[in-house]
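Two complexes come next, and they have one chain in common, subunit A, joined by subunit B in the first and subunit C in the second.
Moving on to the complex of A and B:
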């Protein structure tokens, strides 16, 4: 299972490094999103309190949705999804490989987005880098776990581009809320680490639930 | 996972519906190892659907497919490890090189040394000098040759080929025919879906003529394929 997941991950990253298609579109969309909010909300150098947390997660969610749509669309275009499903490898391992690829891509995007949000909204996002990384990673895994499953499920649907966000956002609302609250807690002048720990623990619990459900349902959803 | 083995392939009353449209209707046949079965018929006859069912990519709406004594539902991954398919789409990543594509699939099929398996496949396909070029830069015929090696990289018992002659020049077509004959001699069960009757001439052990998802006729050791095809199709309209 680990070997298959690694092969799929390595293949996805190689394809992405060659084309940079998902990275460019995701970043462009997420950065545009942040810039629009900055122009609208930052007045005379003052940003709304806690606004940075929400805007960072909106950018991650919107950019992430684009990335999720493309990752399986690529497999559909050359019908390689059928070849993956024909392989004797465990199908949940294919899901794990795809999930890790999306998480890696979104993590790379976050490396650009966090300093941009911190700069434009004058938010001390980088004052607790370890906790910020924990919040972003656990939130990204939860979002991508559901998104990867839905993206695979909708790969043959004609209106998949419309259906993906319609299905994804309501289910991932708890992840986004916990991510926003945890990030906002990190922006306070006196950071209450117990509160941050609570939100991170909640995010990890959601990750476990979503990943387990996805591993359980991936095989039947992808058969036939 | 222990790869299973089987010596024959049996379809019994296989039907497949897509909504109200019937793509396959009560298809039955049996073929044994060391033989080439041809699925022949016009576009929309159900050839590709039949291959998808045999490949376990699609479940029949009714009827069953048996691989020796095994079924797709019961055998899962162990059965898939013995099936190789070359689809109408080539199942290759255009951004990856030929070597990367073959090594990736060799790894997925559990090859201990995927790179060595890829190199050997590239030698067989005559594309060793283009091994490190992205597949996107290949002609259709070259992609077809890489795709054939991808389908065969795990030495499958059942080989399913959908229009394998598409885009091949004369030399590549002759090489493919020789390869198929080699597979037959090595004991593989080969199923070829094609409407290229001239190229299939003399290659098939059994020809299954399909029309509108039904078997119009099954002919053992067929010769004069084109005239047989015309006669059968005229009779079945």
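Moving on to the complex of A and C:
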């Protein structure tokens, strides 16, 4: 099971590294989002309170949607989806492999986005690197867990590009809220770590719920 | 349609006509006065909203793992009712909040999670309508997430410090208020059952019509 997930992940990363298509488009889109918000909101070098936290997460959510839409679309275009599903591999393992691929991709994007937001909004984002990494990782897993499931299911649906955000955003609202609140708490002049810890705990709880539900439903949703 | 439908519909209509009198006769709440009376419709519609999200989720799970189209029709009907009763909750809530808290809306845990549940039901309907073939299973997957949200809405007020009244309010109501409330709960539950049955019936007829068209083509 772990081996299969690892193989799926390795395959996805190999394909991605050869073209870097998803990485570049996602990153470019997320960076443009941040720039728009910086034009609109930063006046004379002063950003609105908690703006940086919200905009970082908007960029991750928007960029992530783009990346999620592409991962399974690629399988469909090269007609490898059937091969992937016919392979003697447990469905949950395929899901986990895909999920890890998305998380790795978004984590790589965040490495660029965080310093950019910190720079444009003059936010002390890097003052607690460990906690920020915990918030970003747990939030990204929650977002990607739902996203991977739905983008896989949408592969066969009509108007899938429109439907992915429609499905994804209502369900990931709690993840985004918890992520934004935790990041905003980290940006305060004197950080209340108890508050950050609370939001990270909530994010991890959401991750557990979402991943469990996704593993449970991935199999019946991907058959036929 | 089953035999009980018309008599029950008539009884429910009568009960809905009677419930404003019970509510009017219930005592005024000391601090909020007249606005508090919104509560008698807000809370029952909220319960039915959560109940129909659960019905939708369970029917979806059974459809997903069992494949029976009957469960799918039930889930579809319940999703529409989730949107309907959710709309009542989200209209009556802010009306009350404006008077009680001074704001229409607050990003409080219970309000946010209720809004999220309502949006999931909307997303369910959008997927069903525009998703094309295979969207029934997709929507069923979505409904499971909607159902997972329900306990969260319910317990949220007891675990977080929010401004929304906690669930412990209900058992401590004075008798007159309790009677008006439980009567309204009965009204809304009956309305839910009736609408659900009617909506499932409509879907059944639609499925039969589709089957007839198919057999005509062959």
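Definition applied: the second predicted complex is superposed on the first by the 224 of 224 C-alpha atoms of A that agree within 3 Å, B and C clash if a C-alpha of one lies under 4 Å from a C-alpha of the other, contacts with A are read in each partner's own complex, and residues count from 1 in each chain.
We adopt the following convention: a residue touches a chain if its C-beta (ideal position, glycine included) is under 8 Å from a C-beta of that chain, and two chains touch if they have at least 3 such contacts.
None of these values were measured; they are calculated from a predicted model.
**Q** Once the two structures are overlaid on subunit A, check if subunit B and subunit C clash or fit side by side.
**A** The answer is fit.
**Q** Between subunit B (first) and subunit C (second), which does A:84 come into contact with in this model arrangement: first, second, both, or neither?
**A** A:84 sits against subunit B, while subunit C stays out of touch.
**Q** So, A:213: does it touch subunit B (first), subunit C (second), both, or neither?
**A** So A:213 only meets subunit C here.
**Q** Which partner chains sit in contact with A:180 here, subunit B, subunit C, both or neither? Use first/second/both/neither.
**A** Neither partner.
**Q** According to the stated criteria, A:19 is in contact with first (subunit B), second (subunit C), both, or neither; which is it?
**A** first
**Q** By the touch definition at the top of the document, which applies to A:145: first (subunit B), second (subunit C), both, or neither?
**A** In the superposed model, A:145 contacts neither subunit B nor subunit C.
**Q** In degrees, to the nearest 10, note the angle that opens at the C-alpha centre of subunit A toward the centres of subunit B and subunit C.
**A** It is 90 degrees after superposition, to the nearest 10.
**Q** State whether A:159 touches subunit B only (first), subunit C only (second), both chains, or neither.
**A** The answer is second: A:159 touches subunit C but not subunit B.
**Q** Per the contact definition in the header, classify A:4: touching subunit B only (first), subunit C only (second), both, or neither.
**A** First partner only.
**Q** For the superposed model, what is the least distance in angstrom between any CA atom of subunit B and any CA atom of subunit C?
**A** 5
**Q** Which subunit A residues come up in both lists, the one for subunit B and the one for subunit C?
**A** In the superposed arrangement, which is not itself an observed complex, subunit A uses residues 224 for both subunit B and subunit C.
**Q** Note which residues of subunit C are touching subunit A in the complex, please.
**A** Checking each residue of subunit C against subunit A gives 64-65, 107, 112-113, 115-116, 119-120, 122-123, 126-127, 130-135, 137-138, 141-142, 144-145, 148, 152.
**Q** Where on subunit A is subunit B touching in the complex?
**A** By the definition above, subunit A touches subunit B via 3-4, 7, 11, 14-15, 18-19, 78-80, 82-90, 223-224.
**Q** Which residues of subunit A touch subunit C once you look at their complex with the stated criterion?
**A** 146, 149-150, 153-154, 156-159, 162-163, 166-167, 169-171, 173-174, 177, 209-210, 213, 216-217, 220-221, 224
**Q** Taking the complex as given, what residues does subunit B use to touch subunit A?
**A** It is residues 1, 3, 55-59, 77-78, 80-81, 83, 85, 87, 89-96, 100, 104-105, 107-110, 134, 150 of subunit B that touch subunit A.
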